[in-house]
Every structure is written in C-alpha cells, then in structure tokens.
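Take a look at the structures listed below.
Note that subunit A is present in both complexes that follow, paired respectively with subunit B and with subunit C.
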Partner chain A sequence: MNKLRASVLMRHEVGLHARPSVKLTKLAKAFESHIDLGLSPDGPWVDAKSIVKVMATKAPKDSTIYFRAEGTDAKAALEALVTLVDGDFQDGR
Partner chain B sequence: MSENVGIVIVSHSADVARGTALMVEQMVGREVPLGWCGGDPGGGLGTSVEAIMKAIEQAWSERGVAILVDLGGAETNSEMAIEMLPEERRDRVVVCNAPVVEGAVMAATEAASGATLEAVRRTAEELTPV
Partner chain C sequence: MDDRTHRASHRIEGRSAAPGIALGPLVRLTPVKHDARQHRSAAEERQALLDALAASQLALTVLAREAGDADAEAILSFQIALLEDDNLAAPAFARIAAGEAANRAWNAAIDPEIASYDGASDPYFRARASDLRDLRDRVLRHLAGETDQTVPSGVIVAADDMPPSTFLATDWRDGGLVLRRGSPSSHVAILARSRGVPMIVGVDVDHLENGRDALLDGYAGLLIVDPDTEMRAIYRRRRAEQSQVRQAAASFSGPALTATGESVRVMINVTGLAELSDLDPAYVDGIGLMRTEFLFQGREKLPTEEEQYQIYRRMVEWAAGRPVTIRTLDAGGDKPIMGLTQPGDINPFLGVRGVRLSLRHLDVFREQLRALARAAVAGNLKVMIPMVTVPEELDRCRTLLEQALEDLRREGLEAQLPPLGMMVEVPAAALTIEDFNADFFSIGSNDLIQYVAAASRDEPQLADLARPSRAVFGLIRHVVDYAVSSGRETSLCGDLAGDPEQVAALLDHGLRIFSVAPGALGPVKAAIARYTGAAA
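== the complex of A and B ==
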C-alpha cells in the first residue's frame, strides 16, 4: 500500500493548541482516507482524526508537521491539510 | 433535525456551564446541538434534574446526546434526568466520564464529524487518566 506524504512548516503563534487542533481534526475527518500526523518524517505517528491525540502532540510554533495519508482521497486530504496549516488555520471553519 | 450527536454541559456553576458552551461554539462551531445548565434556581451553586432535562431537550438529536458533568450531584442528577426521559429516548443519552470543559470540546469535535454516540463518548473519555 502506498502512503502519500506531505509536510508543512507551522508558523501559527501558539502552535498546535486547542483551536488549531480542532480545526485540523475537523478537516481531516472530512476525508475518507486514513491520515497520520507526526512531528518528524519518521514518526511517531498519531491519527490526525483523533482530537485528543492531535492536541496531545503540543507541537510548538515553527514545528514542521508531517502528514501521511492512504486512501481514495489521500491527495486531496494532504493538499487541504497543508493549505490549512500554511494559511495559519484561518479557513478551518 | 441535526444529524450530529448533541452535547449537554452540566456544572454546579452557571458561569462554568455557559463559559464551556461558549468555548464549544467558538472552537468547534454551531453544527453540534448544544444544551447547558448550571446553578440552582436561587442563583447559588448546584444542579437540578429539571434544568438538566430541559438542556437535554434543547440539545436533542435522534443520534443521541452526550452529557458532560463536573462534580458529584451533577452526575447523579444527570442520571436521574435520563431515567425520567421518555423510554424511547433513555438509551440514547449517556453521561461521559471526562473533565467537563476539555471533554465538551473534544466530544463536540468528534460529534461535528457525524460520529456515533459511542464514538463521541469514547473520545471524551480518552482524556480520563486510567
């Protein structure tokens, strides 16, 4: 099985705290694919659709967020997630 | 009729309940039916079965309702309120064993995706130390 990968630098001032985590998780859940999130290219990985796990990563500002996704809409999911993080979580609603 | 599980917040303090509901609305959004109650009718601290039943009605969803509570009486009164619901609704309301503020935000995030009541409860309860 091929996993697609993407990464993006997070410049959001407070990092992956409550509000950004909620936005990221809600967006991830909109896709069918299995999506993992990690803070290094080799993991460890957490389920990007789990709000508890995403928030627990406590990724600080200037972290690079790594995604890997597997499924029919993996490409679209990665594009959307990278856009969200790159856009400072402005359009997550 | 919402397709998402509803969330009810029950605190001894009306301020805590209202504040938690605001956090859910602002962090997660309005797509999750939400009800809250707190305080006794005299304006002091406490919870009331009647107010909890109203909050459940407000947050009602055919998919079910997850209740987040703070301390002691909030839990027992919530269980009593569930028992007093019409029979066909009783099985679709659960009290989550989770911290009220964090649990409400996590549960609502899960509910916003159209998750089942059981998945919503599980997400809130992931927060509880084992």
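== the complex of A and C ==
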C-alpha cells in the first residue's frame, strides 16, 4: 500500500458545482490510478472518477480538497488534479 | 369579486428569473406518467434500462452539439457525465436483479439523489435537483417508448419544472416560461436569461388553465391571466420597446452599417487591460486609442520597458488581429506625471506636453518605443504620436523608433517596425497635413476644438465657444480628404465621435472610422445605422 496524497484550496465562486465536477472527473478518468477525493485529510473518501459521488460532497467555495491516489501514474494524476483546482478549473464563471 | 359577466384579470405573483415581456395563450405542461409498463423478465428489464440509458446519452450528445452556446453545452455535459457514471444506475440494476421493473427501479435509484439535492443548503446545489429530474424523466420516457415532449412557439408555458433539454428543444420566439419549481440560479433560468426568454418561478401552476390569455412580466415576476384591454396595451408598448432595445443590442454586436449598407469601423478608446475583460473583441473593429499615460500616473517609479511590453502585448493578443493603436505618452496639459512634467507650467495646454515632452525625455521615450516595437511582433500594433505640430517632430520619432528596432535586434530580442501615425489636434498640423510623413491619422477632437476656438474645455462660461464649430468640421474635412486621396486611414478618437448626435455630421464629412468609449459603442452604432447618406 503506497498511497500518495495532495491537497488544494478551492476558490471557485460557487464551489464544486456541475461544471468543475465534470472537468475534475474527466481528468481523473484519464489516469489509471485509483484516485479518491475528500474534504478532510482523514476522509471520508469518494471515487474522484465518479461525478455522482464528487457532486454529492457538495463542497462549497473555500473548501480544501484532499486527494489520495494509488497506481503507476499516481504522482502525475495528483499534480494534474491540483493544477486544475488551483487554476480555478480554467473557468471564469 | 364577481366574474360571471366577464373574466376579471387575475394577477399572480412569482419571482423574476429572466427579464422580458411575453403575451400569449397559456400552455400547461403536465408531468409524464410512467406506471403503464408491462413487467417482463429480469434480463429483459435490465436490457430495457441499458437501452434507455444509451438512447438518452445519444440524444443528449446530439443536443449538446446543436446547442451552440457554452451555457447549454455545460449543462448538457453535466447530464451526460452523470449517465456515463456507473454509480448512478448501479442501485437500479441491483433492484432489477431482485425482480423489480426497470422504470420503478430507475425511479428508486434516482429519487434519493434528487432528494439529497433538494435538501442542500446551498441554492446552487439545490438547483441541480432539476437537472436530475430531467435526466430521470428522459430515461423514463425512453423506457415507456415515448418521444420527447414538444412545446409550441409563441405561448406562455406553465409547468412544475422544465428540464434544460426541453427548454433547448423549444422555439421560444415571443414566448415565456412560468414554473412552480426552479430558482433564478437553476440551469433553465441561466438559459432563459442568455436567450432572452422572460421567465418567472414560484407560481402555483395547478390553478392555471390551458388556453387562457396571459401576460408575463419577467421584470416584476408577475403573471396576469386574462389581462384587460388597458393592461394589454401597456404591455404591448413595453414589449415593442423591449424589442427595440434588443435590436440596438444586436446592432452593437455586429458590424456597423449605415442605412444604405455602407460599412463604418467603430473602434474603442481604452486606458488599460481592465476595460477589456468584459468585452468580446468580436464586438469592435479594434482599439482606436490606447492612452498610455495611465500606466505612468499615480505611481512612484515610471513603468519599465518590460512592464509596458507585457501590457501592450496582451492588448494586441486580446484584439486577435484587429488593429491596436497605442498612443505614446501624452503627459502634460491636464495630465501631469510625477517626476516628468514640470509643475507650475504657466499655460499647461500650450506648454511642454505630448511629443514635446517625450522629445525632451529621450530615456523615457526610448523605453516606450522599445516596448512598442517588441509588442508589435504579437499582432496588429500601431504607434501614434500625440500633439505633433510640425513635420520634424514626427520625423524625429520615426528615427528614434527605427533606432530602437535596430538596438533590439542587435540585443537578440524579437521586434518589428510598427506603422507610425499621428494625432491631429493642433490646428497647425491639420492645416498642413500633407507635409507630414505619417502612416495614418487620428483626429483628437477635444484638443482640436479648444485650440481652434482658443477656449478652454474646462471653462464652463465658454461652453458655447468650445464646441464643434464649422471651423472644426472644416479642418476635419481637410484631413479626411487628404487621407483618402493619399491612401491613408483617418479615425476620430475624441468625445465628438462618441456623441450619437454628431455621428451624421461626421459621416457627412467623410469620416468612416470612429473610436469611442466602450459604453458608446451601442448608441454610436445605432446612429450609424440610421444614417441615410449626406444631406443634399
């Protein structure tokens, strides 16, 4: 068991809403690793590739998003996800 | 209240979700019933749900491709992503395996999700319940073998809720929407606002009758059923005004054409990047005047070459190939700059300002010219020199610009020689315009007017002198005529260009390029559209 971890502050205006969730899960699915998302460092964790689960966290603006990943491309996956959230989902809305 | 003789008009208050006025018959949409399916084997039910999910996904994908705007596409892509997620339908398949019918199993899987959004404290997440209901009903319709609901155009639609997909499939010309559910932040409200469909929410639609005449006021959040004649007349007038305003807005976004179809270029005057953030470059024909003195004002140190380069380059990139005319520092007069202009100038407007100042502070001027030559590589950049009085001033600027280019290339920096033009604001220059070696002209009407009339624009007692007189228009015609005959472009970037009442006179004098404040774009384009040609 070798889980990599990362966290990032989400500043998106309305939180982890539909548009950002679509982007986030799409990006997560591009990696082979198993990736979890949570709103605290101890979970509870949900599958970052599932929009149903990700939206269900209803993460508001200014939440810190925690990721943990396990797999061959875990490091690259975490970097990409953190960049997406940190870059405000490249979403001006 | 007695309505046996005639139907009294009936006002129903809701909440505004999208502004606008609509008049038309009410059409009540009723929710689809989904219990009428026959129960088959678990394997058949499983296949039926798989087919319905696949068909829904395909329909949404087609809809997203045809939607043609970012809002609609984002909403549909959320629904598509939900369908692609096995987690959504997993509970339904478990129920089917346990012997339940596909439609009931699907309902049972989705309803808790909908309930969870309905119960969210954040209005944004609460509004997503409607997207899930839409998705649920779409799949149910496929399970029942029904085709998608269609809504006629030109009516006021009343419904419990309206799924974005139904909204997008409807022709909303002259129509409006009344919902019980939904909120101003629901997806369908976002779509209604972006497409100009009047909409209100929070109305008890159960008591609304099909076919009754109604009037929808999306501004006030009001529905009037069976409006009386007077009310109808008032709202017809308001709707006519609304369509006029919309037409003006449409002309604002398109190219400017006179009534006879002649095209006129309308550019904007800006002071920095901030003003561009809300503006779509497609709405303008370029930047006719970027005033750089605002980069220099209100700071302790003058901006470096690098700082200036970054700003100029981003402007050129924003314009995406359209011209960006950047005026070199026009300090002095009414625009003092710390450490550069001399305080206590006896007569600042007739003193050391504009190019006169730049040619006396070559270190500052050279940095600006270097930044401009570097940014010129990024697109269609033009350099404009302010307050030019005699040809020699412009010649010196040209030499300095060429030197800057040579220096940059020697240092290995990418640079390009941009077109060099001049502001025409000193009467001496306007009168002898054919003596100047300029690539283009831009008439600065504010200064030209006050110099021609020898009357300050800041002196209220002289307001009737400091105005666009026949003398001013005579100079404008002289410059425009020379520019046309010598194959150069002339624009006008002063306040005169942004005054809709002066547009016809300027067009009469041959001007075909206007540069105005962004806020004047609509009114000026509208005035151009009214122009039928020079008065005989």
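The rule is short, and it goes like this: the second predicted complex is superposed on the first by the 90 of 93 C-alpha atoms of A that agree within 3 Å, B and C clash if a C-alpha of one lies under 4 Å from a C-alpha of the other, contacts with A are read in each partner's own complex, and residues count from 1 in each chain.
By our rule, a contact is a pair of C-beta atoms (placed from the backbone, for glycine too) under 8 Å apart; a residue touches a chain by one contact, two chains touch by 3 or more.
This structure is a prediction, so every number in the text was calculated from the model and none was measured.
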Touched partner set for A:26, first subunit B, second subunit C, both or neither: both
Touching partner for A:50 - first (subunit B), second (subunit C), both, neither: both
First (subunit B), second (subunit C), both or neither touched by A:58: second
Winner by number of subunit A residues touched, once subunit B and subunit C are compared: C
Which of subunit B and subunit C A:17 touches, first, second, both or neither: second
Intersection of the subunit A residues that touch subunit B with those that touch subunit C: 18-19, 22, 25-26, 50-52, 55
Subunit A-facing residues of subunit C, complex: 74-75, 77-78, 81-82, 84-88, 113, 116, 120, 122, 124-125, 128, 131, 187
Interfacial residue positions of subunit A with respect to subunit C in the complex: 14-15, 17-19, 21-22, 25-26, 47, 50-53, 55-56, 58, 60
Footprint of subunit B on subunit A - complex, ascending: 18-19, 22, 25-26, 29-30, 49-52, 55, 93
Subunit B - residues contacting subunit A, complex: 27-29, 105-106, 109-110, 112-113, 123, 126-127
